[in-house]
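In the two complexes that follow, chain A is the common piece, with chain B as its partner first and chain C second.
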Partner chain A sequence: MPSLGTSFGRGGATTFQQDLQNSDCIVIEGSNMAECHPVGFQWVMEAKAKGATVIHVDPRFTRTSALADLHVPLRAGSDIVFLGGIINHVLSEEKYFRDYVLHYTNAATILTEEYRDTEDLDGVFSGLDTEERAYDFHTWQYDGTEMRAASGERDQQYADQTRGGETVRQSARGEAHGSGGAEVGNPVRDETLTHERCVFQVLKRHFARYTAEMVEQICGIPRDTFARVCDALTANSGRDRTSAFVYSVGWTQHTVGAQYIRTASILQALLGNIGRPGGGILALRGHASIQGSTDIPTLFNLLPGYIPMPHARSNTDLDSFVAAESTHKGYWANTRSYLVSLLKAYWGEAATEENDFCFDYLPRLTGSHSTYETVLTQIAGDCEGYFLMGENPAVGSANAKLQRLGMANLKWLVVRDLSLIESATWWRDGPETETGEIRTEDNATEVFFLPAAAHTEKDGSFTNTQRMLQWHHQAVEPPGDARSDLWFTFHLGRRIRQKLADSTNDLDRPILDLAWAYPTKGEIDEPDADAVLAEINGWDANGIPLSSYEQLKTDGSTACGCWIYCGVYAGGVNQAARRKPGGEQNWVAGEWGWAWPANRRILYNRASADLDGKPWSERKALVWWDAEQGRWTGHDVADFVADKSPHYRPDDDARGPRALSGIDPFIMQGDGKAWLFVPAGLTDGPLPAHYEPQDSPFRNLLYRQQRNPVREVTQFVHPDNRLQPSGDEPGSKVFPYVATTYRLTEHHTAGGMSRWLPYLVELQPEFFCEVSPELAAERGLKHIGWATIVSARAAIEARVLVTERMTPLIVQGRRLLQIGLPYHWGPNGYSVGDAANELASVSLDPNSHIQEVKALACDIRPGRRPRGPDRVALVRDYQRRAGITERTGTEM
Partner chain B sequence: MGVRQWIEGWPVYRQFAHGDLLGRGAAVKSGASDRLTARTATADKVVKSVCPYCAVGCGQNVYVRDGAVVQVEGDPDSPVSRGRLCPKGSATKQLVAGSGRVTQVLYRRPHGTEWERLDLDTAMDMIADRVIDSRRRGWQWDVDGVRTRRTMGFASLGGATLDNEENYLIKKLFTALGAIQIENQARI
Partner chain C sequence: MARLTEKTVDPASEAGYVDHPRRMGFFTDTSVCIGCKACEVACKEWNAIPEDSGPLTGMSYDNTAGLGANTWRHVAFIEQRKPMAYQEPGVDHRDIDGLALAEQGFSVSEAAEEFRWLMASDVCKHCTHAACLDVCPTGSLFRTEFGTVVVQEDICNGCGYCVPACPYGVIDRRADDGRAWKCTLCYDRLGVGQEPACAKACPTESIQFGPLDELRERAARRVEQLRADGVTDARLYGADPDDGVGGDGAFFLLLDEPEVYGLPPDPVVTTRDLSAMWRRAGAAALLAVAGAVAAFALGGSR
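So, the complex of A and B:
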């Protein structure tokens, strides 16, 4: 979530689902909420029943569109142009919320003289190193002071903040050289918003070319439709009205995905919709605990609570790390207390002041080690063991074949799941055993399949899409050998520690010193999940549970496994297990479960009140300043220091949270403001710019720069990951259509939790592709017949579903036909089919390292795909016809 | 059977006698359906849970009888879901108690063409050995002269239906082992 994080301070949805009922206008884009989050969608319908306008922007007419007031079909991969067009409209027509923009965003802040925009450099920003394909972000900074990022690529500033600290090559991406300095003093502001280098004016110039005409040309959206969206949004934003945005992976899964969300963030900040009831940006996550999996990450680049993993340096120690990662102002100024408390939770007694609290025990990064890089290290033979815990990359990851080739080169593979998913069986009945690329007898991978326990068979918490932790209680014992991942991890650790107990090798110290004594219960010795939650929450020197991250100390007297979750076990009570019925509470329902941080349900809600702390309007009241009590009060827990007056102004030498004033609602940011312009933390630009998808039938009409110049693509050059020519390049017409992948309500992701359920399989029995009657006629496709879809990576087959729902669009004067592909299928289970992810390339967003699967140029032809080696030959034939080489599509 | 019982057994009579004139309610219930009871009514206990599919976070009531899940219903108390479940959530019973689950450890030896059985304890012991070996082989004290203190020998990819507590232990254990290639569906 680098986009919401850099814009507002925290990588999470700014609001909660039930609050959508207070919206006056809801834009759902990059999401088919009615299909994929149907129960949450009831809150959209509540708003509609109260008179709200519901707009759905999507290439396909879906169940969401059917219930919206307006469906806006657009070309997959063009959302930045659409949203940028609205921003241009809001700025040029002066429809922004001026008081909010002036005081709560960085609109007035003046940028350095060195900054050059895409306007000046024909589509790229200043600081682009064309050799390294990385940006040096220094020229994106504020004049007179250097901001540090609250989120995103915080490592890029390491060198500045530690005065040196060489890093190993790759991790130096976007890293600082030359200037820089400490984040001190106050940014220079122009309260009139007229200075030519103030963010507001830069924004105006940047988005000036995102005109209604460009929206029409690039997105395929007629001008009157676009005008209706602009009118609905601006008429429903301001003091008295609020609009909300809802998105999902239709925005994130692009090579410029983080910037899609950034564009919406800028728009919502300009309209004054963040931190207010009925406003916000609701990120809809697709899995029960996706939010939890980034908060307490199993991600290579993060420690719990969004503390970055350390990178390899010549002088890494606790002091230099904290110096680099702390901000001067706001809550990240307390980074040391968060990190020391985490190290105490990890290494307990062994972590002392003298040994830097075992900071040196943390392994260091040397660049990106994302799941896609890991596949390459598997193919290269460097990574020889692999745990898959509830994940099915043989179907669910982009370029699924590459994933299987990685697994086929492992020494050992452990798959923990409910059923025999494709990632466990590729060696006997995968696509490559059919084509002959993998021969079972020749394959040396040792595979362990360990059955997993279901959620009803274990205690634990999920963090839902609105940052709310909810506890699920164990109902029954797991059957047979099935065990929870908690059991597996705990007992694996216990066994490894036993086996290494006599080791004197220094590399074994971290595992032997680990605090790993969890109480277990029952016949199978299941670890007590409650005890783990208590460790996540943290305790003081006397073992008393903490109630707030404000209590965390830098001296090692507190332990806390995830500082943003501190308070979830306040008073020794599992707050995530609270279940006071919704009907007995207000709409915020603060006594159901527990939301981070500090049980606040709408983030940055100080912004729901004006400068004096009064609600902008009675209709949109949420929290306000009670002068008599000297406290913030209201319907939600204030996301602000409870007794900080709106009239408080800090001294110049103040640090940490005290350095932010009473009118700084974005308390994680170093300047307390929402960032319209992001001076640090993003790798591909301080502002969003439209770039075409990696494989696109169109050239970029807005800039000479075709694709995101710093997208991650050159490290993934591989014979099975070929890219395609785009736009006017010769060969691009071989792939004239645009496909987008999506979900169905009756299935779940890569199918591991749905293709083995007879009810669901009966409801959605087969993989299909959805095409318009025009496309069917153009290619001779028959409804219910078969079609073969081909990209430079793969050929897959699907049943044909011909519907009017795939609206043909006029893009750059040409008729564009799009193809919809649900991605739930694979060869196993009660319902089988090809995996749509076979088609996608590994081409990643440089901020999030997420793959582009939402906009793919491809071809489609009638009939089933070839069997055996002929399937590979067909793909090679397409590559030849399109003139594809290993360099195709890798240009900067 | 008495006359009264015989007459009351006639749906048309019940329609008029009980005001269900169009015969859409209790009047047309047969004896067989009258004797049916919901699995929810005969459960030993109801356990509070959360739907494991998408991230809406619908409340679930899990009905248990004789140590087995017999039904999963939406929790009307939940302020988020208000008792509703989608097709997946409604099918949860088949997820947790259905025919598609494998409940035994399976093992494929290198070059093996079929699965073999293995007991859980042996499998855990073998996996622990594999981790220790691969960790050593992939160990890097430094890279290009800069301290890394890590292993590239093994990796992990987790789904996002993992509990927070599970993610916490996974990250803690693998980090202490020096692994950095620890990833999650959240990236995908």
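So, the complex of A and C:
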């Protein structure tokens, strides 16, 4: 979550779902909360019952829209224009919360003279290297301060040694720490906000072209509807009132997705809605424990707690790594203690001061190793083995065919899942065995399917969408050979260590030296999940559980598996297992589960109080300074040094948390402020700019630059990943419609947990596409008949659901018809159908490496798709008609 | 609300229970239903109801189609060309320049969407006067101490009289075993102090379970509040003890006419006129017998 991280300091939702009940206005955009987070949606209904305005902005009228006060249909892929339009309204009508903006954001900070905005360069920022297709962000800095590029650092001197100019940027440095890690000395500020290079003025100029007219032309939102949204948001923000934004993957899954969230972050900071009850930005994650899987990451580019994964060719020892990744101010100044404690948790006794605590044992990045790059290395034959644990890429990943072609070129594949999912059987009954592109008898991949235990069959924790860990206890033994992921990983490691026990090869030391002694229990030797949690929490030299990351040491006397989770096992008690009912505590419910960091439920909540530490209003009180006690107190745990007075001002040479003043609520940031303008940490610009989706029927009305210039696309040129012409380019009319993918309440992501269950299947028995009556008439589609949807990648078939919930829009003077595609289906299971993600291309956001599946141009025609090789021929025919070559759509 | 309570017939007492618990029921507030169908799944899971998969119906997101022997909760989805139930929020408008807004052509009614999507979870109504129970020859259908109506699968002989007797078309026979099935209001859960599975699973409290008199009071307040907020379509269905079934044990807050949801507008217990009919039939039979006797007597005398 690079955008929330760079804007506010931590890559997680700033608030929690229950707090939505305190909102006066809730804007749900890029999210279908009622369908995908129905349990949390009760708090939206609670707010509505109290009189809040609920607005749903979405291409489709969904079950969320049905319960909203206002549904605003927009063109998929145009959200930055819509949000930018509101920012422009807020700035030009002076609707921002001035005291908050002046003191709690970087609005007053003055930028370097070298900075050039999209306004100056017709749609790109200064520092664009058109050869490398990457930004050098040194011109995005604050004036008069030395910027240390802790994130997004370019490794140019090695670029020529590596394929395609692999850089540190491509190692997704943008996600590291979730914070820019800007090294700020003392920024020059203009308290009047009038200096032409201060962030506030830059912001004003940047968003001036995001007018209501542009919103109408680009998003297809009528001006009066837009005015209603502006009115509701601004009337419900300020000292007495707060508004919240809710988003999910409808924002992230674009080639400029991180900047969607950035736009909302700027807006919420301007309105003074961050860190306050009923405010915030609620990032709803895709499914259970996705937040957990970025905190203790399954991502290639991060270590636990958002510590960057070291790169192979820079900062190769502990000292230089820490020096590069630390800040002088804020909590990242303590990076060394977090990392050393992590290394102690990994390698225990073997990690000593003398050997850099085994820093050398950590794997090193040599470029981007995201799932999509990995697939290309499989196709190239460089990646020979693959573990799929709870993942079904043959259905769930963009351009699913590419995933299958990659797996077909492996030596071995291990699939652990509840059901025999498509990713385990593509070699015998996948789409390519039908077209002849994969022949079962020729395929050499050895596939191992191992049954997995469900969550009811094992102990463990979920970290939910609001950074809260909740423990689940095993209810029953897993059936047959089914085992937990913990069991599998532990025993796999144990057996590998046995096999290597006599090895003298230095390469095997990192595995042999691992602290791998977990207690096991029961007949199947299930590792004790509680012991793992205790290790994540950490302990001191005497083995006493730690209670706060402030206790972590740089000398190796503490071990901690994930510094932001430190405290989850405080006092030797599993804090995540706490279940004090909501009715017995306040709405913050601090004794239900445990949230990182330090059980704070609303992040940056120092901002709920004014400069003197008093709540901005009684109605919106959350935490406040108790002068008598000399402490912060209130309804939530203060996200601030507990005894730091609001009147504290640091000396010039102060370091770390002490370098932040009593009015710096964003304690992870180098300057303690919310970043309206991001001087470092993002790879595609310090401010959001609207770019069209990779495949779009429209040209960019705002800038000459059509697409995100640094989106990740050139590395994915492949005959099965062809891109389409856009806008006015010849051939773009071959794909005149815009499709968007999504989930239904009744099914779960790629279907592994729902398409095998009769009670769910009967509720949504078949794959369908949603189209408007206008589109049905235009293309001769029949209700509950069949349609074939075609992109430059694939042709799929779906039942047709004709519905007025799909609203035709007027965009750039012409009528746009959109298509809705739930992506749950595949050829296996109790309910089968084509996978919507076959249509999508692999073209990625450069910060998060997330694919664009929420907006793609396509065609639709009546009837079922062709069978066998004819299916491929149809796609090739479309490519020919559109004049598609391997160059198409790859232009910067 | 005392008026309602006074008038309310107590079906459990009428059924002969002495010292019974309060009458329990459902208030389904469709204005907060999000159509998640958790009620359908929870009901099936708890009651071990067989699946009844079919193809895509094309009826919006409703693939269950209606209540039946294998569907005891059913969520209806209705797509309508009607303005959304716009709720005028408690926004402080003091800082807003109304004249400027008027110049822009801002208007709530104009801007309101001309489209809405209604969702409603239907269930057995557990009528005060339950025709299914009246016509059941085996005693399989019975009135519980909670005032609910339950069918016992080990007694039901599959005669099917109850099916046409239900004014709502709720109770239904299973094709494979012929016996009648419907919502029990989770009689087994009620017995141990738990709420029914559907209400337990409902995330937005659209399905509320509790003592019926309390639910009716709550529902009356909710309708009042919604109407005050501008949702003038809001109305209760099945809450009136004076209606044709003596009021429902499971009643609803609807946002449109009952017919829109597939509910009968004016349900009447089908056995209401039964005694009168029998009286008339009896009288007619007597008359016929008398006539025959008379004819015989007359003929005999000839």
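Annotations
The rule is simple: the second predicted complex is superposed on the first by the 851 of 892 C-alpha atoms of A that agree within 3 Å, B and C clash if a C-alpha of one lies under 4 Å from a C-alpha of the other, contacts with A are read in each partner's own complex, and residues count from 1 in each chain.
Keep in mind that, in the parts below, a contact is a pair of C-beta atoms (placed from the backbone, for glycine too) under 8 Å apart; a residue touches a chain by one contact, two chains touch by 3 or more.
From a predicted model like this one, the values you see are computed outputs, not experimental measurements.
Once the two complexes are overlaid through chain A, chain B and chain C clash, as defined at the top of the document. Within the superposed three-chain model, A:746 lies in touch with chain B and with chain C [touch as defined at top]. In the superposed model, A:51 lies in contact with chain C only, and not with chain B.
In the superposition on chain A, A:396 makes contact with chain B only, not with chain C. In the superposition on chain A, A:444 contacts chain B only, with no contact to chain C. Contact with chain B, but none with chain C, is seen for A:496 once the two complexes are overlaid on the shared chain. In the superposed model, A:363 makes contact with chain B only, not with chain C.
By the touch criterion stated above, A:284 is placed in contact with chain B alone, chain C being left untouched. When both complexes are overlaid on chain A, the residue A:801 reaches chain C alone and has no touch with chain B. Comparing chain C and chain B on the residues of chain A they touch gives the larger count to B. In the overlay built on the shared chain, the residue A:760 is in contact with chain B and with chain C. Taken together, the two complexes place residues 38-39, 42, 745-746, 758-760, 763, 830 of chain A in contact with chain B and also with chain C.
Within the complex formed with chain C, the residues of chain A that make contact are 24-25, 34-35, 38-39, 41-42, 45, 48-53, 61, 63-71, 223-225, 227-228, 231-232, 235-236, 240-241, 744-746, 758-766, 768, 783-784, 799, 801, 803-805, 807, 830.
Every residue of chain C that touches chain A in the complex is listed here, in rising order: 32, 34-38, 40-41, 44-45, 51-58, 60-61, 63-64, 79, 81, 84, 86-87, 89-93, 95-96, 101, 104-108, 110-111, 113, 115-119, 203-205, 229. Contacts from chain B toward chain A in the complex involve residues 45, 47-60, 62, 64, 67-69, 72, 76-82, 84-92, 94-96, 98-111, 113-115, 118-120, 123-132, 134, 136-139, 141-173, 175-188.
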